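Once you scroll down, you'll see the structures, which are given as structure tokens.
In the two complexes that follow, subunit A is the common piece, with subunit B as its partner first and subunit C second.
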Partner chain A sequence: MASAKGLTGRQKLGWTVVTVLVLLYALFPVAAIFANSFKTQADLGNPAFWPSNWTWENYEMIFVGSAQELFLTALRNSIGITLIATFIAVVLATLCAYAIARMDFPGKKFILGTALAVSIFPVISVVTPLFNLWRTIGLYDTWPGLIIPYLSLTLPISIWTLAAFFRQIPWELEQAAQVDGATQWQAFRKAIVPLAAPGVFTTAIIAFFIAWNDFVYGISLTSTEAARPVPAALAFFTGASQFEEPTGAISAAAIVVTIPVVVLVLLFQRQIVSGLTQGAVKG
Partner chain B sequence: MASITLKNIVKKYDDGYPAVNDVSLEIDDGEFVILVGPSGCGKSTVLRMIVGLEDITEGDLLIGGDRVNEKAPRERNLAMVFQNYALYPHLTVFENIAFPMRLTKGKFTEEQVRENVDRAATMLELTEHLDRKPGNLSGGQRQRVAMGRAIVRDANAFLFDEPLSNLDAKLRGQMRSEIAQLQRRLNTTSVYVTHDQTEAMTLGDRVAVLKKGILQQVASPRELYEQPANLFVAGFIGAPSMNFLPGTVKTSDTGGDVLSTPLGDIELREDTARAGQGREIVLAGIRPEFFEDAATMDQGRKSSGSLVRIDVSRTEWLGNEQYVYVDYENDPRVRDALQNLAHEMDAEDLRTQLVVAVDSSSRLRGGDEAELWIDTGRIHLFDPETGENLTRDAEAGAELTRMAAEDRQRDAERMAAKGA
Partner chain C sequence: MTATAENTPGAEPGGRRDRRKDHSPRKSDRAKAEVRLGWMLAGPAFVVMLAVTAYPIAQAVFDSLWSYRLTAPDERSFIFLDNYLLLFTDPMFWRIFGVTLLITIVTVAVELVLGFGLAIVMHKALKSLRGLLRTSILVPYGIITVVSAFAWYYMFHINSGFVNNWFSWVPGIDSELDWFANFGTAISVIMASEIWKTTPFIALLLLAGLAQVPDELVEAARVDGATRWQQYSRVIIPNMKAAIMVALLFRALDAFRVFDNVFIMTGGDANTEVLALLAYRQSISRLEIGLGSAVSVVLFIAVLLMVFIAIKLFNVDLAAGTDASGGGNKKTGAKKGGGK
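Moving on to the complex of A and B:
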């Protein structure tokens, strides 16, 4: 934060207050779920924020207890489907965005426009026809049956983010590589990809979040444990009796599925921020 | 190493505007040719067409006698130094220089790569920076890395696209002489694009002046200076620029030929006068150094020129020389022509101010009335409409360019003898 240096004490105080408020607003629900996940079934009705007795009961239930089968298979589905969808989306989006940023071809605007249109299309209106179609062609309740719709969610934003990123990389680098004897593919791979890596990581993380957090497709296009992802599986948790809400188990599962997201951000933080392009051209 | 030939090269963009129009140029093996002109004249486009980054609309491009219009940049075996250096920021200096060799798989062993990079680094004084990343280098060092990447392989030619324009003035002078020496040492055909006429004059064996995509003149720096083909070349080459005085050729009371100008009558040599005769108005091109202060000059030379009396507006004393500025009333008939010229040269505005270089011992000050001597033998007359140089001596000009070619030959032999 280079600009922060010039702030007066008063401005600093103001910014701190604003930051704390935003953090509270964003993190309070997470903290509440975190607290709930450690409460006993009886404690859940207690209006106190923190549990009166800390317990691992809920975590035991989803990992080794009655909800184990439901949760662990869902977790496996979620991880597998999301990773595959992210990988395909990033590879396709990288090639597509590169072409959009660097080459001139008819229909370039059309591709970008369509990508935008797809991304603002309400998911819920697609899901019913998709449900029918998937059942007919046998994709219902399978991994590909979720990966394909997830691509429609992740590709547009990936293409847009990456195209913006590619446009910032000085074109001279690629031309220099071509003059130095590289084919267009070599120039892309040796001069552009290393520089685009931070952008690709950022895009991958965004795509991962989108697919990871999806609920509508997850619940509508699956019927069994064969492909049901975690967000959908949470709705199938049952309490100890039919009069008990499984709030504790759901909270525990929610905390568990949040962890990969946090880990991802922490891992790739450096790549996202690193200014690799410094020094490419006169700075 | 190879010669480069451009035959009637045309570059038209999608809107049909010819950025480069019918440019023909022969660049000999080992020659250092400069493309110079104001911004937007198409000089960079010509360079990019040579290297293959820009398609050629019409015409033929030959490298070493082979037509290469359709060849990809990598098949032309040229090395280019970009204006912003275009170094690979994720690679060390060593790997940046080694990059072209790494692309030719199997052609170089690891040892050869190391050897070649080390040699280039020694030549460019980069040895101690080989492990650093470009981001941590100064402007001059980055410039050298870019050159290292160019010289490390056996390229047919070096192409420079305004390589010094991002450096400060002092470094620019230093790098300029380094480039000149390097080119002489390697004796590799070089094409160099710049908008700076000093770089053009100091580096080039021959200089090609471009204006709006059209080649104006290709000649040695001396010929451009002494025998410019037209008003544009005359104004563009030389600093401070040539003065253009409007005037009419007349016969004076004493029977000699004079040019009647706002400064007064200037006696002309017979052949100069003949070229301007019968025209309503001409522009007399007089370089600042064609003038002398009549008071401090060598009295013996006085008779070989013409004298005018002027009012000095202001002076600038620079130590080695002194500039005297003289305001005059411009002729409305040439105002458009001069305004147009200033515009074409990217200059500020039309100057109705004469710039005169006098000896630094001269004590002229603003407000003085003074007598100036003009070396009338070197005056050129231009047609204000077409810009054509009416007094150009093509033969004398060609002789100057021939001399430059001989100089280059001598340099090359000297270098070869040193190397042997």
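Moving on to the complex of A and C:
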């Protein structure tokens, strides 16, 4: 309501304080682990926040040093598995959400209900049977062995986000296209896809975050570097000797896997928030 | 159904169009094609969802009725409900259940307050600040829970952490305090990490709710002399009740499954074990598939129960999430009122 010019000095001060508080809240723990990742082994035993002298040795350890094997393969697994799971979920969810938002057919409510039930499903409840089944049919410790269960995380939220999003699209456009002689599919592709694309894209980011975040499946359904994703691998880091804590290496690895999150957030902050709040086609 | 049919012609001036549609001879063909296309589009997602959850949970229910250890598969025997009996008569199980419930209640309560504050800040912020605020808020939202767990763990760690040093002036905190050796302190750090990571999610859902409150309503209340507190308590919050309840329920269900933070920080030591961790340790670490499945099923039923209570007692309309237009909420409300 108020414009920047209309702010009084006190309001300006208030907003500065609020902004600093929010920034502190959001970034402080990240800053703490960032600082850790640049500390030397000796420095890590020292209760100061920032390193006394900055070093790259932790990053060297995970990229070219002793933890390379563990970290780089895990990073490759995480990226590959997460991207594939996100892609499959978004494609399936787009088709499904379109049908739900747009069409009238029996079982529609049931599909939405199923999506809801799956999204509240405790992951740990299906881990035990999957663990057993995967071992029997040879999916244990493989990429598909994680991609398939990841769909249980990414599909429901994708369907719900997209269905909500699709309901806000001005569908008169589609009807107009159909009146002009387009088939339903053509109308969908020409009139709706350009409007829906931001929603699909936003959904993909959210699905990516969720799959990227997984720990339960990652630690339960893998046993080697063949498929173990980064969050699970972090729990297996060991220090250079048995008396050394792997704090530095874990911190460095944690920062590396946080970079994609920060990049996505910086680039698509507006889309993510608007996707979750009002949809991109608010009138 | 009937209520809707009765209401539509009166409520909508477009009754003429509806009638034409109803009597159109092409309707049944089109409707059939729509059903077919609808299921063709929605079917694959539906099947995949069932395959990755319904089948495994059915298997878990089945496995939970057996004494079944992977290291001794030949000794598998049917024991019916003995696994559950074993759990429910074990005080340790109830302690673990209690800890899980405690984490759920405390984190969701704190997150609701914090999240509402953040939502208001994001909602009210000027354009120039909005981007910065939202970007920073999304960092914890997107960060990996395990990373958050390590960040908080190292902050409070007795050797590498700085918290003991910074807060040594607080009674009870000194360089000798091992946060992860005692239940109270350990659970606090676990909850802090949980709250930090998931408050943005609640804040964003509440922001969505705030955005749906019509500005005219608030403006009218303001003109009528409502104080800022009254604007919130009488106009804004009642109008976003649906968003609040959905945020609350989703987070409560999520918090009840807490695993990552506990696994990383204490591994269940200092009595901080939670249900998900118990299931993991029985199944994956000890290969006790029968008992592990029983814990999994109990966790699942507890979650179902929470949903049931929310829907029955608090009338949470989870479907409101897809019905994002303001009119949708009003319609549901009217329908409910009319029905009872």
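Note that in this section the second predicted complex is superposed on the first by the 248 of 283 C-alpha atoms of A that agree within 3 Å, B and C clash if a C-alpha of one lies under 4 Å from a C-alpha of the other, contacts with A are read in each partner's own complex, and residues count from 1 in each chain.
Heads up, the rule we're going with is that a contact is a pair of C-beta atoms (placed from the backbone, for glycine too) under 8 Å apart; a residue touches a chain by one contact, two chains touch by 3 or more.
Values in this document were obtained by computation on a predicted structure and should not be read as measured data.
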Now for A:178: first (subunit B), second (subunit C), both, or neither, which partner does it touch? first
For A:9, is the partner it touches subunit B (first), subunit C (second), both, or none of the two (neither)? neither
Return first, second, both or neither, reflecting whether A:194 touches subunit B, subunit C, both chains, or no partner chain. first
Is subunit A touched at more residues by subunit B or by subunit C? C
On subunit A, the footprints of subunit B and subunit C overlap at residues 276-279
For a test of understanding, state which residues of subunit C touch subunit A in their complex under the given definition. 31, 34-35, 37-39, 41-42, 44-46, 48-50, 52-53, 55-57, 59-60, 63, 70, 118, 121-122, 125-129, 131-148, 150-152, 154-155, 157, 159-162, 164-166, 175, 193, 196, 200, 204-205, 207-208, 211, 250, 253, 256-257, 259-260, 263-264, 275-276, 279-280, 283-284, 289, 292-293, 296-297, 299-300, 303, 307, 318-319, 321-325
Residues on subunit B engaged by subunit A in the complex (per definition of touch): 51-53, 72-74, 77-80, 82-90, 99-100, 103-104, 133-137, 139, 142, 149, 153, 166
In the complex, subunit A residues that touch subunit C: 2-4, 7, 15, 18-19, 22-23, 25-27, 29-30, 32-33, 36, 44-45, 47-49, 92-93, 95-96, 98-101, 103-108, 111-112, 114-118, 120-133, 148-149, 151-152, 155-156, 159-160, 163-164, 167-168, 184, 209, 212-213, 215-216, 219-220, 230-231, 234-235, 245, 247, 250-251, 254, 257-258, 261-262, 264-266, 269-270, 272-273, 276-279
Which residues of subunit A touch subunit B in the complex? 170, 172-173, 175-183, 186, 190-191, 194-195, 276-283
